[in-house]
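After this come two complexes, each holding chain A, first together with chain B and then together with chain C.
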Partner chain A sequence: MLRAYTLAFLLFLYAPILLLPVFAFNEGTVIAFPLDGFTTEWFGRLTTTPTLHRALANSLLVATASAVLATALGLMAARAAVRYRFRGKGAAMGLIMLPLVLPEIIVATSLLVVVVRILGLPLSLLTVVAAHTLICTPFAVAILNASFSNLDPALEEAAVDLGETRASTFRLVTLPLIMPGIVASLLISFTISLDEFIIAFFLTGSDPTLPVYVWSLLRFPRELPTIMALGTILVIVSIALLTLAEWSRRRGLRRTGAQDTGGFLAQ
Partner chain B sequence: MTDPLIALRGVHKHYGDYHALRGIDLDIRTGEFFSLLGPSGCGKTTLLRTIAGFEEVSEGTVMLGGQDMRGVPPNRRPTNMVFQSYAIFPHLTVAQNVGFGLRRRSDLNARARDTLVADALDMVGLDGFGARAATALSGGQRQRVALARALVLKPKVLLLDEPLSALDKKMREQMQVELMRLQRQVGITFILVTHDQEEALVMSDRIAVMFEGGLAQVDEAEALYRRPASRRVAEFIGTMNVLPATVAGDTVDVAGLGPVPLSEIGHAAEGGGTVAVGMRPESWTLLAPGDPAPPRATDGTVAEVVYYGDMTYYDVALPGAERPVRVSMRNLFGSDVLEIGAPARLGWSPGAMVLFR
Partner chain C sequence: MDQDDRRGWTLLAPPFLYALALLAAPLLTILVFSFWTQDYLTIDRTLTLANYEEAVTDPLYRQLMLRSVTVAGLVTLATVVLAYPVAYFVSFHVDPGRKSLWLFLITIPFWTSYLLRVFLWKVILGYNGVLNSALTGLGIIDEPLTFLLYNVNAVVITLAHAFAPFAILPIFVALEKIDRSLLEASRDLGEGRLRTFLRVTLPLSMPGVVAAVLIVFIPTIGDYVTPALVGGPGGLLIANMIQTQFLGLNNQPMGATLAVIAMLVVTVIALAFVLVTRRWTRA
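And then the complex of A and B:
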């Protein structure tokens, strides 16, 4: 009974995604059963659409920048949270983590108001990067918090005791030991930014990111199979990136000999 | 006398409202094996960390080799530390761990460095372990790597923060001997923090007993044991039977034992208020029937028997004494172990007594 329920649940969750590749290789332009025949035409068309390439380049740029910024900010926040006690720490950490639970549409709307009405800045990829950094930082903090918690403070003290400065200690001891966490944080932030639509839709200027571009294609029914093909690729890339992130995180735990306390993909 | 290697003068440490160190004055000599002994929370680790430079003192001075250490960070002090968790770098090999502090030595080429590392590993009995991953070591081996990593730098002072507390009993006893051997071999001053009084007695030249952030007594092991400065020190170091007493003129009336001339009492510890007399368990003699009568003896009853193989501990109830006294006897071949309820005749001498008042 439980087995059947689980199966039904998983089917409900993933059936739509499983349909992506099915229609991506279907010859007919109408997204409906019965299927017509096998083709790779839609994938071929992806390679000959310059606007798509432009959108993809935008997305990669935004995702890379957001991932780096979020990880850098997360690194500082996590270290402060784990190593030091200070006034208002709870409140500060709570505010950093808040975007995790806020509805994206609310975040997007308020950012739009702030950027356009209050700051008077033009919408561009930069505004998208800023917004994506905001929503990626909580994930970076969560991952790096775990990295720092698993790091014995005596290791850093030992390095200083053996003659290193604070800076060289960070480079020689801290950084190598939390590197798997940093890699995991970069990959997850990258993936989140790459897949994010609502905020990008609100804050993007004339340069769309990939999800925004896909959205714009939906107005043309003829393009639907191409979207299916693109979606298939995106799903595969996302899964690959998340798997890599989790692998990196577990490798880090093994390296420091720490206990696995969960993470994003609990076993 | 030469200048002390380490001189602490009026050292105080505050953490907010908490007064962790309360006016420490302490001299530690070159080549000494010195222990800081006390219950947890007494400030012994804080004191060690102020010497290492991880904690800045709130008041007072820390002098190391004649130099004021105020504002000198740990990486520029002639001290090295063995951490309680060993703090072995998990991403490096054993040899890289041991050679970590040599990286900054520009006067050494790679080969000289390798030789020093190999010698250090050899010294702690880890010859040939250099290429192993640090995570693949047992607790005792990590301990040795931590020792080699600190000693290879030839510090003036080696600081050891409860280094044996994570080891099991057998391993701990083995490492105690090892540490003493190493200390004699390298001649470096060792400062050991421990809460284990036996460990301190076994290993140290001198011991500082600490309570609540202050020094209670600084002395050699035997003096601490035989001539404690206070009842608290006496009860912290080993077992001490404390019998209530009253002083009248030049005699002390000890509960359960009767009057004793003050002049015959072995050691007097001042301070503490109430008068009492202390006797170590091994200072009593349990007399067998037919033994020649000693000058002083008292009759009692066995209340408890704890058998240890080589020793037996008896709790003997004395008429007139509130609590039974603990008596230790070596189990010589052919001697019988008494049973609970058996009569016991105890011989004792005022010379082994400590008077607290």
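And then the complex of A and C:
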């Protein structure tokens, strides 16, 4: 019973994603049933749309920069949180993790006001990177927290006892052990940024990211089949990235000899 | 300051300062902004409650706010009730070695193509949509159902779908923490399955349920994409109005006021909920 329910729930979760390829390969231009016939025309059209390529390049740039920055910030926060006990830690970590529960529109509007009204700066891909770094950092912290928690402190102490400095211990012992966590954090942050729309819509200037570009096309029924084709490719890429991240996360757990308890956010 | 203090803060300083500059400061700014007014393009920096007065008295804003809170409440209820059995199944009936695979499968849709997922609900629920085609094809209905799309129902369904993994994970974590010997003890003492669940499992998993409620209820208020795509004119929410004030009507102080009020309302409701459940689980 419970198993059947869970499987039905998974079907509910995957229903929209499973429909993407159905309409991407459908010959008809209307996104509805009945289907018309098989075609790969819409995928072909993706290769001949320069505005799309431009938006894709923007998104890849933003996602890469956000992933690197969020992981670097997450690394420091997670290390401090796991390794040291100090005054004000709870409050500081609370602020860093806050974007996880804050409505995205609040993050978007408050940054918009500061950038445009207070600082008088133009909106650009940089403002999107700044915001995406902010919302990806909590995910990076959550993943890296687990990596650091599973690390046996005795390993680091042994290295220090054997004459390594704190810096070289980190580089030679700690870093290799948490590397899978870092890779997972990079991939997850990249995926989140690549897909994020609500904030990007407020903070992009004239140069759109991919989701903002897709949003502008959703109003034109003529473009919908092409969007379905694009969506199909994006879903496949996202699933590949997430699978890689999950694989890396588990490898990290095995390396530190920890018990696997669940997914990225369930630790 | 001892060594831990110094080293800890040195490490934490960059992420903390980043959050301070890009989160705390902007939040404070928007709070100040909400007390300013805008006339055309010039912003009047005199502190005034005029926006707040307008927000509370204007029937349109009140209606949108009320609808947003109702929708957020319905979405939270639907998500948590639907998610609990899934979390329970994964925690209690899945082989420990395969649990992370199940959780992975559950979280994948959450991280992919948010915009297109919402759009595809329009395709599923529409007049010529997947659901109507299937139902008429099977002969269950003669005419396509029209109450599915472009109303509050569609917004609730789509948001419940988007937030499902957010609800499953905290409940799963709480269920995992339950000492299984407590359940055996309850059974040994003669309680049935249902009573064991109601008197042991459910109360012990309440922290997860509370976390799930908060993590779904609060962000739901900020979604303007779902109402815009599937809500129709009768399904628009306060976030759509905030978005319009900021980007369309260009009355940013009013948008800031609505954002502050929305945050206040959800925070107060969330705190009240936490307090009530805390008292209830203790008793």
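Basically, the second predicted complex is superposed on the first by the 257 of 267 C-alpha atoms of A that agree within 3 Å, B and C clash if a C-alpha of one lies under 4 Å from a C-alpha of the other, contacts with A are read in each partner's own complex, and residues count from 1 in each chain.
The definition used in the following text is that a residue touches a chain if its C-beta (ideal position, glycine included) is under 8 Å from a C-beta of that chain, and two chains touch if they have at least 3 such contacts.
What you see is a predicted model; the values in this text were computed from it and never measured.
*Asks:* Check chain A with both chain B and chain C modelled on it and let me know: fit or clash.
*Replies:* fit
*Asks:* In the superposed arrangement, does A:2 touch chain B (first), chain C (second), both or neither?
*Replies:* Second partner only, chain C.
*Asks:* Now for A:157: first (chain B), second (chain C), both, or neither, which partner does it touch?
*Replies:* first
*Asks:* Between chain B and chain C, whom does A:102 touch in the aligned arrangement: first, second, both, or neither?
*Replies:* After superposing on A, A:102 lies in contact with chain C but is clear of chain B.
*Asks:* Quick one: is A:167 in contact with chain B, with chain C, with both, or with neither? Answer first, second, both or neither.
*Replies:* neither
*Asks:* Applying the document's definition of touch, where does A:119 land relative to chain B and chain C: first, second, both, or neither?
*Replies:* A:119 contacts neither chain B nor chain C.
*Asks:* In the superposed arrangement, does chain B or chain C reach more residues of chain A?
*Replies:* Touched residues of chain A are more numerous for C.
*Asks:* Which partner chains sit in contact with A:15 here, chain B, chain C, both or neither? Use first/second/both/neither.
*Replies:* After superposing on A, A:15 lies in contact with chain C but is clear of chain B.
*Asks:* After lining up the shared chain so the two structures overlap, which partner does A:130 touch, if you call chain B first and chain C second: first, second, both or neither?
*Replies:* Once the two structures are laid over each other on A, A:130 reaches chain C alone.
*Asks:* In the superposition described above, what is the shortest C-alpha distance between chain B and chain C in Å? Please give a whole number.
*Replies:* Scanning every C-alpha pair, the shortest chain B to chain C distance is 8 Å.
*Asks:* If you look only at chain B, which of its residues touch chain A in the complex?
*Replies:* Residues 52, 54, 73-75, 79-81, 83-85, 87, 89-91, 100-101, 103-104, 135, 149-150, 153 of chain B touch chain A in their complex.
*Asks:* Within their complex, state which residues of chain C touch chain A.
*Replies:* 4-5, 7-9, 11-12, 14-16, 18-20, 22-27, 29-30, 33, 43, 82, 85-86, 88-90, 93, 97, 99-100, 103-109, 111-117, 119-121, 123-124, 126, 128-130, 133, 161, 164-165, 169, 172-173, 176, 214-215, 218-225, 229, 239, 242-243, 246-247, 252, 255-256, 259, 262-263, 266
*Asks:* Flag every residue of chain A that touches chain B in the complex, lowest number first.
*Replies:* It is residues 152, 154-155, 157-165, 173, 176-177, 255-257 of chain A that touch chain B.
*Asks:* Which stretch or stretches of chain A touch chain C in the complex?
*Replies:* Touch list, chain A to chain C: 2-3, 5-6, 9-10, 12-17, 19-20, 23, 30-34, 72-74, 76-77, 79-81, 83-89, 92-93, 95-96, 98-107, 109-114, 117-118, 130-131, 133-134, 137, 141, 188, 191-192, 195-198, 202, 211, 214-215, 218, 227-228, 231, 234-235, 238-239, 242, 246, 250, 260-266.
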